[in-house]
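What follows is a pair of complexes built around subunit A, which joins subunit B in one and subunit C in the other.
After this line comes the complex of A and B, so read on.
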């Protein structure tokens, strides 16, 4: 009997149906968007000033940086109930979950520290001194290297996850905001908001491999400010949010050339793909909405109103 | 005169970093912060005393920012500060500081600033004006060794004029205080209104002897009645003497702008966008008070030096000066755009906040004000009008 019900549910669910979870920085909520109907289906309350958001590997837990509550909150995504808080250090802004599904690397923006928390024991296992205003966080797919970028120090700090110590510090352009490992972890990309560039590093040598600049027609270069970015299937292209220029750039990840600019909402910040990466959801802070981009045609297809100042976005498959 | 040295106390808080640091050759940049006190004119209200460490507090926050960055690069910074009383010998103090460091951040009156800049000892130094808004310092009286991290008065009054244009407040009237800074502000405002095609319909000097704390409700309506109709009333009261009593007491129900009400400011505690919230909380934690405009100028001067050292890996004034004035230099100043220096007069380009004490209203340059090279140059003295020769 139970089996039959489960089967029926499965059949009723189209392939890849899922949810995009968006943190609303100035509403203290998360909005849950259905990737099928492209509508907000639920809104849950969080701690103060929610920003970074990520799911555990099995999607049974969602971690939320509640910056002004000085906590990382652990929520049950099935019910929206806060299960408990993790010790996070002060003002956690952004974090990344280690491939071991256990260690969260958290940027403490006000304290120039990266905090490593064990999500099982709920204990801080390391605090690492980094530059002023750490923000962007990344971890290599093999789990050996974690990155913190610091906005005012203008560096990517390379952390050995075994010793929890820095082994390299590389300068980038002004106000680095986001970092990602790509191509099996062989490259590390960092966006610089005020510098207006994305820098590509070789992971093994920490040497600069390339730098990407942007030019949006009719927008002064000072207002073209790269922040969040994500990669399409196979890491062939990067979609880069360009902040107050209200555009997302499509970058060829092999040639480092910009192929397209897509108009989205105001002050585009972060983004998340759906399961098969056919749709991209961007958070637009100032307009308080999410733009849905059709990845194949590179066209915006819908705008979804969420809470005030949407910031982070994360995908989970429908339960 | 007392010298005070500030170094980071927490530099070696974590032993691993100390080891990493000692492995690198340490490079040290020394900075001096010189305050030459100016007599403060009496004001009607004592509600907002000027903090004693204004400016210096910002420089110290900038120093901490530099130190945190520097520890990853084997670079360190020391800041020495000195205060000269208004009857003290400012030049002797400046000479003393220049033997210590070729980089000075100065809070002094314009004439003192120029005397310091003209000292033989200052010839190859880089001086930052972090307290004087006078346009002449950026124009006919400019000096090659003097940069300005504080915006000129003209940048601020241009910002307000842009706002008037965007609101279609075409007809302005002005009440002007008697102090030199009030007069300088009024002059900058007249110029800005002309520049942006606005009318100054009437102007009245403020001449009351009365104690406005009791009489504002009776005096100000009559005083402003003869202005007739207008769109907004500008108060030129940079010493903050009478302006606060004008608001809500005008004969006509019109907004008060300028030194009170809606003001064009370098910095304000109400700025929280563009990551500014982080700088505000860092400053407040370190100094126990809110960050003010002059603090921002001190912060920006010290951060300019930090950014230049980080990128050039040099402590030579000539190398740093070239870099600071080049296209490569950019400072992330929590104002939404990169800050750079005008290479024709040494002024730090920066957006100007239009704010009242409770909120940010707008940020200049406003959207429709375009410029052929940099929108920020729609504020203040642009290259074609500049009579500064020292940078050529």
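After this line comes the complex of A and C, so read on.
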């Protein structure tokens, strides 16, 4: 009887063990963190200045923007070996994988273009002129719309993925950094680092639906700079990284109100959830570490040392 | 009931009665750490958060940092308060009554410490509860794990109070004790700032802090609040408690204390 119960408990324990992959901008490496032990278990070398990171749908390949190597590298996550490079245009900073698991939309910061690369043929299939210093990238869940935000032009550029042409440009606050489609693709959120806001757009009309401002107690407003953000299960809440304010804000995604601020490391940049979205991993650039937040209690649990200037983060289930 | 237990009961009951009758004192003792926590710490909110030191596993706010120090503050002030009451007892003559009991003085003094430490611990828990109300929390297990640490730290500081009371003969001199013992002990410790921060400004100050038994009492409480045992801090606290107890016993020795002798 005891054995049965023990076995049942064991089986009922969610097998959520996985890994968080973090790119270290200054170390030219990725650190792999176990979501179970919350320790760095592996470190792999990459090209120069790795920033954006994302996995293919089946997690068999990991794409890494090696910005200063002017390439998107494709790595085998099982061995850490670089399989090949993809043509990416100059200085790729961030990218997003189209839901077709094949097309990468890459922001080329220095060239003011968005490059679309076919990961199978390894060929550039389109280059789209966008604003100056493009950075944030997003694709709608239905794959029909891609977004590029440009840091200097302060715009979100709406791209029709069928024609690979811009069909709308919307102004946002100063220095947009990150974009994301939510609520089944009906809303599009953009964070503005210098403006200190997150703007919410209606996808169909491209009209502004709401704007979120932040205020961290004891921190000068200039240092409150929203960058990366991630949504909890069901898109009910957004966790917004506030850069050098060293805090992550918890925003109610329905009322657009900030409910909490969580203290993390210095210059928090991007984030990734574990599989069941019970833990959030934030990359803290200046302090060179990753803070683990317990999503339910909204409390930081542990901070893990990684390489210098961690930037991007992505989840992969353990092999 | 054995006379030992009778005396323990009587002395602890007397402490408890004093506590019940002086509710203002209880409130006043809580106001002090709360002012530190809610006013002082608020101003320094962003001052820390730059380094992770054990037992913490992530970045913390200043409020979180000073909670163990303020628990120590409650124990320290109460230890002193209880020694103050002994000086008062001496002046009023009730101490003479107590010490003429046939039981060993060591036992009587121990009962006294147990009584006052018990009250202090109660105050610490009320303080922690109020802090939790302001969302300054510690892991749930920490609230249990801290109990033995509070007991050891409380006994050490209570013994220190006894030592002082055996040397301070008059109530009026007590202000001196405040200035020369409590404040340096509190400020030259890790209660308000971590020792590495101290070392940045002066290594001498850092070394003084590292020798201060109150630092180790605070660190013992700090680690216990996070379910960890700091053996160095425990050893220092226990050793200090032993030294202070020995001194107190010597201070209250019939031949020395002046009790029963013409002053």
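Everything below uses one rule, namely that the second predicted complex is superposed on the first by the 305 of 319 C-alpha atoms of A that agree within 3 Å, B and C clash if a C-alpha of one lies under 4 Å from a C-alpha of the other, contacts with A are read in each partner's own complex, and residues count from 1 in each chain.
Rule of thumb we're sticking to: a contact is a pair of C-beta atoms (placed from the backbone, for glycine too) under 8 Å apart; a residue touches a chain by one contact, two chains touch by 3 or more.
In this text the structure is predicted, and so the values were computed from the model without any measurement.
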Which of subunit B and subunit C A:112 touches, first, second, both or neither: first
Which superposed partner A:174 touches (first subunit B, second subunit C, both, neither): first
Partner contacting more residues of subunit A (subunit B vs subunit C): B
First, second, both or neither for A:18, with subunit B first and subunit C second: neither
First (subunit B), second (subunit C), both or neither touched by A:310: neither
Touched partner set for A:152, first subunit B, second subunit C, both or neither: first
Touched partner set for A:132, first subunit B, second subunit C, both or neither: first
First, second, both or neither for A:301, with subunit B first and subunit C second: second
Complex contact set, residues of subunit B against subunit A: 13-14, 16-17, 20, 65, 68-69, 71-73, 275, 278, 281-282, 285, 310-311, 330-332, 336-338, 374-376
Subunit A residues within the subunit C interface of the complex: 217-219, 246, 263-266, 287, 291-292, 300-303
Subunit B partner contacts - residues on subunit A that touch it in the complex: 91, 109-110, 112, 129, 131-133, 150-155, 157, 165-166, 169, 171, 173-175, 193-196, 220, 222-223, 244
Interfacial residue positions of subunit C with respect to subunit A in the complex: 42, 45-46, 49-50, 52, 57-61
